Amino acid sequence: MNVAAGIKDRVVTAYNLEADRLDAHDLAAWLAWVHDEFRYEVPIPVTRDDPRAPQHSSTGFLAVETKDSVALWVSRLSPALVDAAYAENPPVRTRHFVTNVQVAKEQDHLNVTSNVLLTWGKWNEEMRFLSAQRQDVLLDDGRELTLLRRRALLDTNVIRLSHFRVII
Amino acid sequence: MPQTSDVISRSDIFAKERHTAELEHIFDQGWLFIGHESEIPEPGSYVARMMALDPVILVRSLSGELRVLLNSCAHRGTQLCRSDLGTTSHFRCMYHGWTYDTDGRLRGVPGLRQWYPESFDRAEHRLRSARVETIEGLVFATWNTGGPSLADYLGEFSFYIHALLGRTTHGWEAVGEPLRWQSGTNWKISVENFGMDSLHLGTLHESPGRLGIFGATDQPPTAITCVCPGGHGIEATKIINGSGALAFPGYPEEYWPEFAANLDEAQAWFVANNLVCKGNVFPNLSFIDLFHDYTGDPTTPPEVAATMLRLVQPIAPHKSEVWMWILVPVDADPQWKRWSQESLIRTLGVSGTFEPDDLENTASISVVNAASFARDWDMQFVAGAHLEAMKEVEGHHLPGEVFACSANTESIQRGFYAEWRRRLGLEPGTRSSGEPS
Amino acid sequence: MNVAAGIKDRVVTAYNLEADRLDAHDLAAWLAWVHDEFRYEVPIPVTRDDPRAPQHSSTGFLAVETKDSVALWVSRLSPALVDAAYAENPPVRTRHFVTNVQVAKEQDHLNVTSNVLLTWGKWNEEMRFLSAQRQDVLLDDGRELTLLRRRALLDTNVIRLSHFRVII
Amino acid sequence: MNVAAGIKDRVVTAYNLEADRLDAHDLAAWLAWVHDEFRYEVPIPVTRDDPRAPQHSSTGFLAVETKDSVALWVSRLSPALVDAAYAENPPVRTRHFVTNVQVAKEQDHLNVTSNVLLTWGKWNEEMRFLSAQRQDVLLDDGRELTLLRRRALLDTNVIRLSHFRVII
Amino acid sequence: MPQTSDVISRSDIFAKERHTAELEHIFDQGWLFIGHESEIPEPGSYVARMMALDPVILVRSLSGELRVLLNSCAHRGTQLCRSDLGTTSHFRCMYHGWTYDTDGRLRGVPGLRQWYPESFDRAEHRLRSARVETIEGLVFATWNTGGPSLADYLGEFSFYIHALLGRTTHGWEAVGEPLRWQSGTNWKISVENFGMDSLHLGTLHESPGRLGIFGATDQPPTAITCVCPGGHGIEATKIINGSGALAFPGYPEEYWPEFAANLDEAQAWFVANNLVCKGNVFPNLSFIDLFHDYTGDPTTPPEVAATMLRLVQPIAPHKSEVWMWILVPVDADPQWKRWSQESLIRTLGVSGTFEPDDLENTASISVVNAASFARDWDMQFVAGAHLEAMKEVEGHHLPGEVFACSANTESIQRGFYAEWRRRLGLEPGTRSSGEPS
Amino acid sequence: MPQTSDVISRSDIFAKERHTAELEHIFDQGWLFIGHESEIPEPGSYVARMMALDPVILVRSLSGELRVLLNSCAHRGTQLCRSDLGTTSHFRCMYHGWTYDTDGRLRGVPGLRQWYPESFDRAEHRLRSARVETIEGLVFATWNTGGPSLADYLGEFSFYIHALLGRTTHGWEAVGEPLRWQSGTNWKISVENFGMDSLHLGTLHESPGRLGIFGATDQPPTAITCVCPGGHGIEATKIINGSGALAFPGYPEEYWPEFAANLDEAQAWFVANNLVCKGNVFPNLSFIDLFHDYTGDPTTPPEVAATMLRLVQPIAPHKSEVWMWILVPVDADPQWKRWSQESLIRTLGVSGTFEPDDLENTASISVVNAASFARDWDMQFVAGAHLEAMKEVEGHHLPGEVFACSANTESIQRGFYAEWRRRLGLEPGTRSSGEPS
């Protein structure tokens, strides 16, 4: 079921703020809108005959995270440890272009899909690009949105970023 | 001054002429890892794979054989299989419909009578097939059909593969499809970083160490490093306690007796009581067996073991592609399998707490050594050059040259590059005068 | 003339749904919002001196389709024929990033422009990207929007996707 | 402080119109929404250790423009001079994909951030892409928005477009 | 075993050394297609084109000549024309303003008296010009100014070009600008797929066949294949009925008598009653003349004929660029022209029901044959090797070696590759030992 | 016919073999510009730079020396510095933690006693260092540690560098970090376009001229062109009036006496009264000193002078990277510094009114001369070949061969390419038969 523009606007606003925090490498702030039961999955893209067959794995993953596991990253980027966070320091320039946000309201949650183009600029190297669809489950207490689940379906079978330590 | 056998020229690592020679003398001649038997469970199951730059199909044929077929029609070369995996009774070329059975034999040719000479003989047009052999569920293939068997190619090193994967009573299975990512470095740099180098644990991986993810231990461990003929090598970093009890930390305790029972004494000793055990089958199949202390799931038991394979495909002098398989004992509890799988994804996967730092490091080695001046220099593999090979360790005889130290030094790399030189017909100390890549 | 946000929101929603269907290779579902008189044109990009001169052909086309001609594609992707749809099977991963939607209401139709970035991921190959402006004519019966005309102005003179059997 | 959807919609509408004009190479029309005190800056991207450190220069710039200096470009593209505007004639195909618009209302102005993906198609060459964040200051007299300041933070340290005579 | 003349080494197709040799011995020596006369209707009209990798300007000079000028200033090399087409009275270099007339003569040099020596002679600095000749409105050019004329280059094959394009009383015109797309394959693979190969119609193009787009016929057709010296070839797939009536299906019937009248008997017979007629002028200009049964416009008459040219530019061993011109009779009805144009866009255009499958197929041949092992194999061109050349067909003498079969087999390819070998100085059965590309 | 010394083969400019030879014989042997002293103001300040394709660190060591260190660990090659600039007390390798002081000496090696042989000597593993020298704040380095000094390398040309930068009493500083952009052309084309060619001012830059940005003058200027041994060259376009007064237009008038006083008479005469003065230090450091009439800020004084350096890094035969430094007198007014900086960004920066046209032009030269036929042609450098070298100019003796003309012709280019040939061991008139790039 589609939803009132008001909810969609709030979702878009939340996504934009989220993207800002991710692109500022501020995972700690980002974690604020993540639900305690949060689960993040990036299934392995698998090309199968037949355009209607699922084109992502049901058993293999390129990334699987929870709020607790992301908390390890947050620590990694904390002042005490950031000097040894070699993949993230110096930082890669990332930017999340979020478009095609679609919100469907279910009984007790929102199903939201969106397209994300991630740009990736490492030091002097040429930019790299990753495209994906996000399938999110959000909770809405009427005041605040929280992110319960995210499944990111990549459009490439092989990761060609310099690494994949990034939330899509 | 370091010995010439302890250094390797930077130009040798990255030269285009070396890359071309590697394809010819190493990858077209050696036994290459293709996949795990569990990936193609039934007759007709297939997966698309690469042998260096050549695309192949690994298929369990309808007649029950493992086949590795060049993924290209014998007629005019069209790609036969264009998906990652599936099940089939035959391979039909989309161009003119030539159809092959799962053993690679040409069966159907549309218009055979009308369009082709009578002398046309289907038997002369089968798909090119590699020779296939397996060890402990690992499928290897080679184009060198008249060369040594896989067992001869591995030689003494089979001992360690049996030790690692022969522990379980019912074997292992690959969980999910292989993870894949590209790396901006030469395959050798990636292979020796992952499969051989341990000295970077406290520096490059200082962060996950301090986060309590891996390596917490009260006692100082000992690294046993074994360098085998053929360029293969393995190391086990273990706690040597007097008790002699065989523990397999990270695995459910009910497995422990069975693990020991499935191995001979030396093998059991080698794979028991390890913090980590890793190595590399020449040229590019690395493996690791370890347990994590914590990877972010508080509901997980404190120690979960994990085993993976890591193949580094050569793509270009400064580019390679990593394939990662996660293996679990077939009969393990589904929940445990999931814990083990997730722990690896979160550490040694491309999104993990270890691998991104290794990727950053290995890419940086490529970046700074691509140019004309930097290439005219060496890399140093001198650590451990002073160690003496041991006849036996704690009463066990282990194959290969065996060293013990507080860390695994650079002995495996020296063995790897010696074999690499041998196959390319190079003397120690030579350097490529060829064009940079 | 610009329009009330309500209409624009409906257009955006329709575009997002459209993109989903296209990217799921579900041309049959996509055809549902296409008018019987639908015409789709991709004029050939032609570089001419003078930045104000038209930079796309008025006589040559890279694609010209109608509802009936697209119906042939739909058949091509039907279970009976999909095995021989070699260009689309196994499927290429596409994603339509739709932005900059501008709606102008005319007497009896809507003129809508939008920017589209199409990402194209074929099996193990590197991603490819195509950028274009869409100039659409939509009909609005107050309840439902239908797509009457689409003109896609490509930003590249030479197609570098692996093929062009795709609706922009 | 976040703002009512109405203001955000107006900003998005203004941005879309702006993008159209820029991509039509109509700098003269674009200048219409630029404030007399307009200042445009593209600071030099500088990679520094520490992901929290500023990653753009405070003293060096890749572009610095005012309304008067852009007026020189407008003259350059005027009929009398356009034949000698070799970098812009024949025109490069550009497209501004504007997403993630975030509006914060201050006392007497709006602070607006947005993401821009610029696509760049020069004659027969392969497309090039540039990604950036824009940090704008807009004035709003309730009827019309004007652009007072723009700071474009590029995501690449080295310009790889064929040139940079373009407003991000 | 296939004869060496029936196979070609895969490494020969894709080797970098062959690509370089092709540029030198084939593209810098042969007659290359540049465009259609109708594209530059007036004095001063020009279009930007490529001769292999060299950019040229095709211009109808103010003096009325067709000129093909290297698109680079004689002074320091700046590109003179930077747009696809236009009309001009001269070419002025943006760098230092040297100005050339439309015949390529240097006319203006700013600062000539002040800055250049007196000995500076403008006549020594004209633009490099290719030799230009035409046949039936097709403009060809060559850098080989002292070599054979276009007529000699085409030889007997001119017969077929006249047959196809000489039918109409008022000639043909190109509709719209050329469509362009890149293809991830070698130019030879693309050329022989489109301009020569017919055996894939029922397999690769099974889908449009079953959709009723092309090829519906009650009677089994016969393919007449003609292989001419110089590597040129053509085939006509036709319904041979006893009646001898000359039908040109897909063209308005009022044209039919005129079409026959404009040709000699054998030519008329050859181009009449065809489902499709296609071929290739060595090296890379293919053409097709066919009619579609249905391409999605129910208001169109059931059969609409269409004619196109397809040039495949070599870019790299695994990359080429396709240019497609749609030709219609100048005096055809505008509505008919549009039908014909749209039918081609929807089938053989890059968005059509045929071309994407061909692109997928030819790219796949490149992908799987790029690597070291696959390249050490052959492609087979054996189909039709058993056919005997015919002295005459249905009473008509046709130039070249002529074969009849239920389908056009691989004879044209054999002729094409024989010429290709001849120009590169290769024997049948050789194989490139050069580096893969 | 032009003399062979007045032309250069297009294949010579772009051939891959020439690019390789340039890296070896020019960039690995010559003195290369690294940066300006003001960029690393304090001990420990560093910036990351390139010497052609080799990454280096320019650091002011804690002991106060300027050091140029190869940015690659002596152990196994990891990149040491991965940011553009900063301040540090040491360089620590992320891989195994080897730590170097700012003079490049290896200080710390984790596990030194346990893991390395006793014979391991840190002194044998210092970072590779280039030889460093400076002139007027410009830092140069060379890998050719046994070759000529910087002063010998520059020879007579030092005169001009002192003239330009020795004017100010307190020296110059770089404003902001260098601007960087890539250009789709060969480095030589970019260098000679910016640092040597003046004949394109009225044509390629017609537009800014007509917009009143630069070059407005009542009197016809005279260009003094000076070609020095070693491939260096400079030109000053000036108004020669009888008065002999030394004006430095664009600089605040209070500076003028001091500028004159800091130089000897000939130097002062050379840098005074110029519309523009530009040149190139072989191989790739160009500079310009000019004043703009208007760049879009009505609050700016009518004339603002500006000085910049422009380094063109060779990346590939058809790709280079431009680095631009803006210099201002250290003691200038901050507002004036800003005016000067902004005027350059708006003209010769990548977003300016001049540079984009130059980029378009130089890229177009690359595009049209990449292919096999176009490459078999020459570029002409004949302008000014008729001028006679002058013993003195207006009573001043200037180093090098000196020419006067109404514009700076192509003399500097001839000198540049003569030196280029000399270093590559080529005769005039040779041409590369190597592969195109």
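The letters A, B, C, D, E and F name the chains in turn, as written, and every chain counts its residues from 1.
Basically, contacts are C-beta pairs under 8 Å (C-beta built on N, C-alpha and C of every residue); 3 or more make two chains touch, one makes a residue touch a chain.
Bear in mind the structure is a predicted one, so any value in this text is a computation, not a measurement.
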Intersection of contact partners for subunit B and subunit E: C, F
Higher-contact pair (C-beta pairs counted), C-E versus A-F: C-E
Classification of the subunit A:subunit D interface as same or different, half of numbers criterion: different
Chain centre separation (subunit A, subunit E; CA means) in Å: 49
Centroid spacing, where centroids are CA-atom means, of subunit A and subunit C in whole angstrom: 27
Sites on subunit E at which at least two other chains make contact: 82-84, 94, 204, 357, 360-361
For subunit C, residues contacting two or more additional chains: 5, 47-49, 85-86, 88, 90, 97, 99, 117, 123, 129, 157-158, 160
Chain pairs that touch, as defined at the top of this document: A-B, A-C, A-D, A-F, B-C, B-E, B-F, C-D, C-E, D-E, D-F, E-F
Residue ranges of subunit F in contact with subunit B within the complex: 20, 23-24, 27-28, 51-55, 70-72, 74-79, 82, 93-97, 110-111, 114-120, 124-125, 128, 143
Residues on subunit B engaged by subunit A in the complex (per definition of touch): 82-86, 175-182, 184, 204, 206-208, 210-211, 213, 295-298, 321, 341-342, 345-346, 349-353, 355-357, 359-361, 363
Residue ranges of subunit A in contact with subunit B within the complex: 42, 44, 46-49, 57, 59-66, 68-73, 75-76, 81, 84-88, 157-160, 162-166
Touching residues on subunit A, where the partner in the complex is subunit D: 5-6, 9, 13, 15-17, 19-20, 23, 25, 77, 82, 85, 88-91, 93-99, 117, 119, 121, 123-124, 126-127, 129
List of subunit D residues in touch with subunit E within their complex: 86, 90, 123
